[in-house]
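I'd like to ask you about the structure that follows.
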């Protein structure tokens, strides 16, 4: 069996003396779709941020493709393979196009290729009509889709999505759900932290339950 | 103390203050050279003691001083630019112009004297040589008596001052000397201000003593016909004192760093 | 005193293209712009670091820069004068009473303004900006630049403010510039020193120009902010 994409060993997070969680073992397989569930305050966002490299104060070891990494200061290639999307994603106040191609520019993708991938992202997210809208004026659902498209366009090895359907209306949620299913079908490794039952019940998503400081892979 | 007595005393004191305010003060506009040299600090207290009055002055350039007289903002002017003074009187702004004293100008510059004018007798020839050498010259450029004299010199030798080596600072003699010191340049200064700033600027006197460098001062009362509200009486008191044997002697007695700077020259004609 | 005559004279001076007047205006503009251009990048960079990075003494540094904001400009002029004067440590460069001395003064005056405004703008930025940039793969420099771009109107306000402060500064400019006609005589020194000679037309004309510049630059800022739809 090939090495998992991501393996956590003894990863713990504490605030002062209060232990938030301790994860003895966790393996994330490449191409797998996971949904991270747990009660409020269990540390879902914290765990996601640690995986994203935004939080250094964590104990334990994480290895990517069997290579050990230290938390918080990811080497460049790792930053490029793991993309995190905030619960309320931030779109730069520039243009939709600029947002979508931002990460591509960081990776040195040439202009022609960038243009192609931006077009593809717009189509994927169904935002053709909003092409010229200032990002600040997009609706909640449109912002969410734009953020997802922005992350996906970078073709990361691991996508971390934090509560992608919170604060969305019914249409927004439906569209986001469809995109999540598409990500799963595209065999992108994705971990979605959320409360949303509809996502939790999505086919093909393995459930990780974070509760009382422990994580467990749930079946069913 | 009984309340009514206190009230009477207070009223008396108030009346006394009012009276001293109403004994009218004299306002004079003069030039920075009379001020910088310390002459006024020496002379005016003597005048005030003799006349039992108060005189206030503002020291600006000759042009500005005459402008103040023109606007009726002062009662008397003491300046050193004969042609401008004559124009002032002719236009009806001033009356009773009298000669008071003279001091002299010097051409100063860096000890190294790149223009080679040291010891020359004729200031006009010196300025001509200076200009030809391309050395930097700092001008007051502030329409003062000194500035007018400087411009008259250039005119006399047919040179229009300007260009990158001619720096007009638009300020008083002290500032001009400071700039000249910094730039190691030449300038025209009255002897008194130069003496005050000599150690700070490191400049030396290069041309002096010529008749053309003499600088006569005149005192003029602002015309009461033009400006009836002006303190003409006070102005004339001052002018009379300045040109009296007492005043003239005081001017001649003034010493700055052991040297006499001003020479009284009022002649009753 | 009749003000109508010198005022109409002032406008005649302006529109007739009086060379002396326009030399003064030009000096003010280029020295102020150059000073801001030179000091902007380092100030903004420092402001960003002070706002974001945690290091020992950070609080003290921020307080120090804020204190510099109230530093009297005449004292700045005095310090520069002492440094640049012939007898001073930098006297050999012969910079005193040149436009470069004024420029140095303007840079020192604008510096705390730019830093403090930048700190404020960056601290007011959404914390997700930097993180989003990093998550999308930007390195620290790029993420910092992106953050600065997101708060660009706050930064622009800093620059406009610094420029406005510089171009109006008189005390420092007189002290280290010397008001030399054609060389270091700019708008504020001309107004301050030439007006006392009784010639008000030039002073009025220059004052008018200064007001137009100050207003114009702020109107431009407001327009840009409105267009961007950003605070």
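In order of appearance the chains are A, B and C, and numbering begins at 1 in each one.
Here, a residue touches a chain if its C-beta (ideal position, glycine included) is under 8 Å from a C-beta of that chain, and two chains touch if they have at least 3 such contacts.
Owing to the predicted nature of the structure, the values given are computational and were not obtained by experimental measurement.
A.B. asks: Any chains in contact with both chain A and chain C?
C.D. replies: Where chain A and chain C might share a partner, there is none at all.
A.B. asks: From the centre of chain C, which chain's CA centre is farthest?
C.D. replies: Computed centres place A farthest from chain C.
A.B. asks: Most central chain by CA mean?
C.D. replies: Of the chains present, the most centrally placed is C.
A.B. asks: Take the average of all CA coordinates in chain A, do the same for chain C, and state the distance between these two points in whole angstrom.
C.D. replies: Taking the mean C-alpha position of each chain, the two centres sit 45 Å apart.
A.B. asks: Suppose each chain is reduced to the average of its Cα coordinates; what separation in Å results between chain B and chain C?
C.D. replies: Averaging C-alpha atoms per chain gives centres 38 Å apart.
A.B. asks: Using CA atom averages as chain centres, what separation in Å is found between chain A and chain B?
C.D. replies: One centre to the other, that is 83 Å.
A.B. asks: Quick check: what residues of chain C touch more than one other chain, meaning two or more?
C.D. replies: Touching at least two other chains: none.
A.B. asks: Note the residues in chain A that touch 2 or more other chains, in rising order.
C.D. replies: Residues: none.
A.B. asks: Which chain B residues sit where two or more other chains touch them?
C.D. replies: none
A.B. asks: Name, in rising order, each residue of chain B that touches chain C in their complex.
C.D. replies: 60-61, 63-64, 67-68, 71, 141-143, 167-171, 175, 179, 181-184
A.B. asks: What residues on chain C touch chain B, complex-wise?
C.D. replies: Chain C residues touching chain B: 1, 85-86, 94, 96-97, 178-183, 185, 190, 193-194, 196-198.
A.B. asks: Enumerate the contact residues on chain C facing chain A in the complex.
C.D. replies: Interface residues on chain C, with respect to chain A: 126, 128-129, 131-139, 142, 146, 149-150, 228-230.
A.B. asks: Touching residues of chain A toward chain C in the complex: what are they?
C.D. replies: On the chain A side, the touching residues are 52-54, 76, 79-80, 83-86, 88-90, 92-94, 102-103, 106-107, 134, 136-137, 150-151, 154.
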